[in-house]
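Before anything else, here's the structure in question.
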Amino acid sequence: MQNIPLTWWLSVATALFSLGLYGALSRKNAIAILMGLELMLNAVNINLVAFNRYITPQNVTGQVFAVFVIAIAAAEAAVALAIIIAAYRQRGTVNVDDLDSMKF
Amino acid sequence: MQNEFIFVGILTICAILLPVGGMGMSWMLRPHKPNKLKQTTYECGLETVGETWAQFKVSYYIYALIFVVFDVEAVFLFPWAVAYNKLPLYALAEVLIFVLILLFALVYAWRKGALEWI
Amino acid sequence: MTEQIVFFIFTIMVLGGGLGVVSTKNLYYAALFLSLSFSGMAGYFIMLNAGFLAAVQIIVYVGAIAILILFAIMLSRKVMTTNEPQTNKQNWLALIVTPLLYLTLIFLVVKVNWPVSSAAPALDVLTQMGAQFLGGYLIPFEVMSVLLLVALVGAIILARDVEKGRE
Amino acid sequence: MEPIITWLANLLANVSWWPWPAPPSAAIIIWVVYGLFIAFGIAPLAMIVLTWLERKIIARIQDRIGPNMAGPFGWLQAVADAIKMLTKEDTTPAGADRIPFNLGPGLIAVSAVLVFAVIPLAPGIIGSDLNIGIFYVVAVGSFGVLGTLMAGWSSNNKYALLGAFRAVAQLVSYEIPMAISLITVAVVAGSMSTLTIIHNQAVANGGWYIVAMPITFLVFFLAGMAETNRSPFDLLEADSEIVAGFHVEYSGMKYAMVMIGEYVHMLALAGLSATIFLGGWRGPFVEQLYNAVPILGGLLGLVYFLAKVLLFIFVMMWFRGTLPRFRIDQLLDFGWKFLTPLSLFNLLTSAFVVKLFQPAGTAGVALPAGPLAGFGGLGLTSALLISNLLVAFIASLAVRSLARRSRGNVLKAVAGVEG
C-alpha cells in the first residue's frame, strides 16, 4: 500500500475536480453541467477516503463522510434532474443560457 | 490493497474475456455479407416511420427517482445490519425512525399517484 | 509494482472517463463515460481499504444516478443535437481558470507535509461504520432520511405537476 | 480455498524446474484457474444445460416431448444451438451506435458472471469470502441494468428503446425488495459474508434460514426472478407476444451473450438462494466427512449444493410453465405496493425479534443479553418463523381490504354507468 504515496491520490483527485469544474463552467446543457458537478463530488470522495486511509487508518470517519456525500449527491441529482425536466417541459430547452429569467 | 478483492479483479478479467473471446471467435467463423436490407431497423418487415427518439412519458423517470431514494436508504441500512448485534436497543429505535420516514415517502408517492402506470 | 500498475489502470478509467464527460458532444456518450469514471473510482476505494464504499459507489452512482441521468437525457432528447457546439460563451475563461486552479492545488498538495500514519488499516470497517451511523453521526443519519423524503417529494411535485399542466 | 492453496503451495515448494525467475504465488494460480473455470466452464455450461433442461421441462408441463432428435434425449440440440449462434451472421442495424451496441451484451454477461465470486460451491471452495458478500451481489447487479439500457438505446430501434426503458423500470423496482430482504438476512446472521451466513445455518445455530424467514425468502426469490427476467416477470421479452424487448436487434453471438447473461443470472440466483436460505453445501455428514477426508466431504457438499440449486432451477421453470404473464402496471404495483412495504415491515419485526434473543456482549462490548437469549438458536428460529407468519397474515389482511375497496369502486362505477 505504501508503494503509492498519498500525493498520487491527491493529484488524481485534483485533476478530476478541475475536469469537473471545467465541465460545469463551460457546458451549455444543464444535464452536462450536472455531470460535471458529480465529477467534482467524486473527486472530493477520493480525497476523503485517501486521507482516511493514510492519516487516520484506524477509524473510518472519512468513509462515513464519503457515504454521506454519495447520498447527498444522489438526492441532488434527483431534484436537479426533476428541475431540468420541468424546465424542458415548460420552456422546451435545457440550455442554461436560455433559462435566464426567474419567472416562467 | 485488500487481499480478498484480488480474486474479484481476476474474475472480472476472466469474465470480460468471455464476451471478447466469444465475439472474436464468432467474428472469425461467421460470414460477413452485410447489405442494406439486412441492416434496416427490425420492425417485423414494416418500414420505420418517424425518428427513433420518441418522446417518453415522465412515469419512467418517477420510478427511477423513487428507486434512487430507496437505494440510498438500503445503502445506509447495510452497515447497520452488520453492526446490529453489537449495538444496544437504541439502534432499533433509531432505525425505526429512519425507516418510518422513508415509508412515509413511499406512502406519499403512492397517494400522489406517482406509482400509477397510466 | 503490481499496485502501481493497478493504480494506473484505474487512473486511466477515472481521468479518461472524466475527460470524455467534458469533451464529448453526445450526451449519451457523456453519461457512459461518467459510468466508466465511477467504476474506476470504485477500484480506487477497494485499493484504499474501503470495499464497502466501492460497492456503494457502484450501486448509487452506476446503478442509480447514471440511470437517472440517462432517463433525463431521454426525456429531454428532442432539443439535443450533436452537431452544434456544446460549450457556452465562457468556454475560454474556463479553459484559463481551471488549469490555474489545478496548478495551485497541485502546488499545495506537493508543498504540504502530510502527517502520514503507518498504522495498519482498520479491519472491522463495516461494524465501525454501522456504530458511527447510530452513534456519533446519528443526527446526519436521521437528517439523511428527511433529506431523501424531501428530495422525493420535491422531485415528484416538479416532475408531475408539469405533466398535469400540459394535459 | 485455503486447503487447496496450501496444497499447491507445498507442491510448488518442491518444484525446482520452474522456467521463470520467480514462480507466481500459489493463490494467484488457483484464483486464475478458478476464475477461468467460472467464466469459461460454468457460464457456457449453464447456457447449454439450462436451455436444454428448460425446453424439456416446459415440454413435459405442456404435455409435449420437447427436443428428442439430436442425441439421446435431445441433449445435443442445445450444443447444436450454441454452434449455430457461433457461426451465424451478425448484423448491426444501420444507425446503431457501434461501440455501446457491442458493449451492452458483454456488460450483461459480465455482471451475471461476477456474482459467482461469493458463492461457495462446496466446503473450502469459494472464490473470495468478501465481508460485504451479499452487498457485493447487489452492486454487480447494477452493471446489468446499465448494460440493458445501453443495448436498447444503441440499437436505433424505437421498440428496443421502449423495451429497454421498461426493462430498467422493472429491474430497478425489484432491486429494492431484494436489497431489503438481504438486509434482513444480514441482521439475523450479523454479517454479510456468505461463509458466515452458511455457518450460522448449522442446526445448532438454528437451522436453515428458509425455516426461520419464509417471507424474506419469498420476497428475495420473487424479486430475484424479476431481476432475471424470468416468467411470470418476462414481459420485456415475452417471446409469445412481442418478439423481444431491448435485444430485438441482436443476432448471432451478441444475442448469445444476452442469453448467457440471462441463464447465468438464473443460475446465480438459484445458487444465492441455496446459499442464503438452504444452507449452501450443508447437509448430513458433510462436516464430519470434510474433517476426516476433505476431498470426499467437499464432493458430498458439492452434490448437496447442486441438488439445492437444481431444485430452485426447477421451481423457476415450473413457474414459467404454469403462470401467465404480468402486465407492466401490475408488475410495478406488485413490486412497489406489495413487496417493498412487506419487506420493510418484515425487516423491522425481524430486527426486533433478533434483539430479544441477542446473546450477552462478546469480546469487549458490554451489552446485556436479550430477555429470551436463553432459548438459543432454535428459539430464535421459531420466534422468527412466528413473526414472519404474523407479518404475512397482516399483509394478507391489508391486501384483502385494499382489494375489497378497489372492487367496491369498480362496482360503484359500473352501477353509475348502468343507472
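Labels for the chains are A, B, C and D, by order of writing; each one numbers its residues from 1.
Basically, a residue touches a chain if its C-beta (ideal position, glycine included) is under 8 Å from a C-beta of that chain, and two chains touch if they have at least 3 such contacts.
Here the structure is a predicted model, which means the values were calculated and not measured.
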Report which interface contains more C-beta contacts, comparing A-C against A-B. A-C
Most distant chain from chain C by Cα centroid: D
Suppose every chain is reduced to the average of its Cα atoms; which one is closest to the average of all protein Cα atoms? B
With chain centres taken as the means of their Cα atoms, state the distance from chain A to chain C in Å. 5
How many angstrom lie between the centres of chain A and chain B, each centre taken as the mean Cα position? 21
With chain centres defined as C-alpha means, what is the inter-centre distance between chain B and chain C in Å? 17
Interchain centroid distance [CA atoms averaged], chain A/chain D, Å: 33
Chain B: which residues touch two or more other chains? 1, 4-5, 8, 53, 56, 58, 60-61, 64-69, 71-72, 74-76, 78, 81-82, 84, 86-87, 95, 99
Residues of chain A engaged with two or more neighbouring chains: 1, 67, 70-71, 74-75, 77-78, 81-82, 85
Going by the touch rule set out above, which residues of chain D reach two or more other chains? 130-132, 135-136, 138, 161, 165, 168, 172, 175, 192
Pairs of chains in contact (touch as defined earlier), listed by label: A-B, A-C, B-C, B-D, C-D
Interfacial residue positions of chain C with respect to chain A in the complex: 1, 3-4, 7, 11, 14-15, 18-19, 21-22, 27, 30-31, 34, 37-38, 41, 44-45, 47-50, 52-53, 56-57, 60-61, 64-65, 68-69, 71-73, 75-76, 79-80, 85-91, 93-95, 97-99, 101-102, 105-106, 109-110, 114-122, 125, 128-129, 132-133, 137, 140, 144, 147-148, 150-152, 154-156, 158-159, 161-163, 166
In the complex formed with chain C, which residues of chain A make contact? 1-4, 6-12, 14-23, 25-29, 31-32, 34-36, 38-39, 42, 45-46, 49-50, 52-61, 63-64, 66-68, 70-79, 81-86, 88-90, 92-97
Complex interface listing, chain A residues touching chain B: 1, 67, 70-71, 74-75, 77-78, 81-82, 85
Can you check the complex and tell me which residues of chain C touch chain D? 28-29, 32, 35, 51-52, 54-56, 58-59, 62-64, 66-67, 70-71, 74, 125-126
Chain C residues touching chain B in their complex are 3, 6, 46-47, 49, 51-52, 56, 59-60, 63-65, 67-68, 71-72, 74-75, 77-78, 126-131, 133-134, 138, 141-142, 144-146, 148-149, 151-153, 155-156, 159-160, 162-163
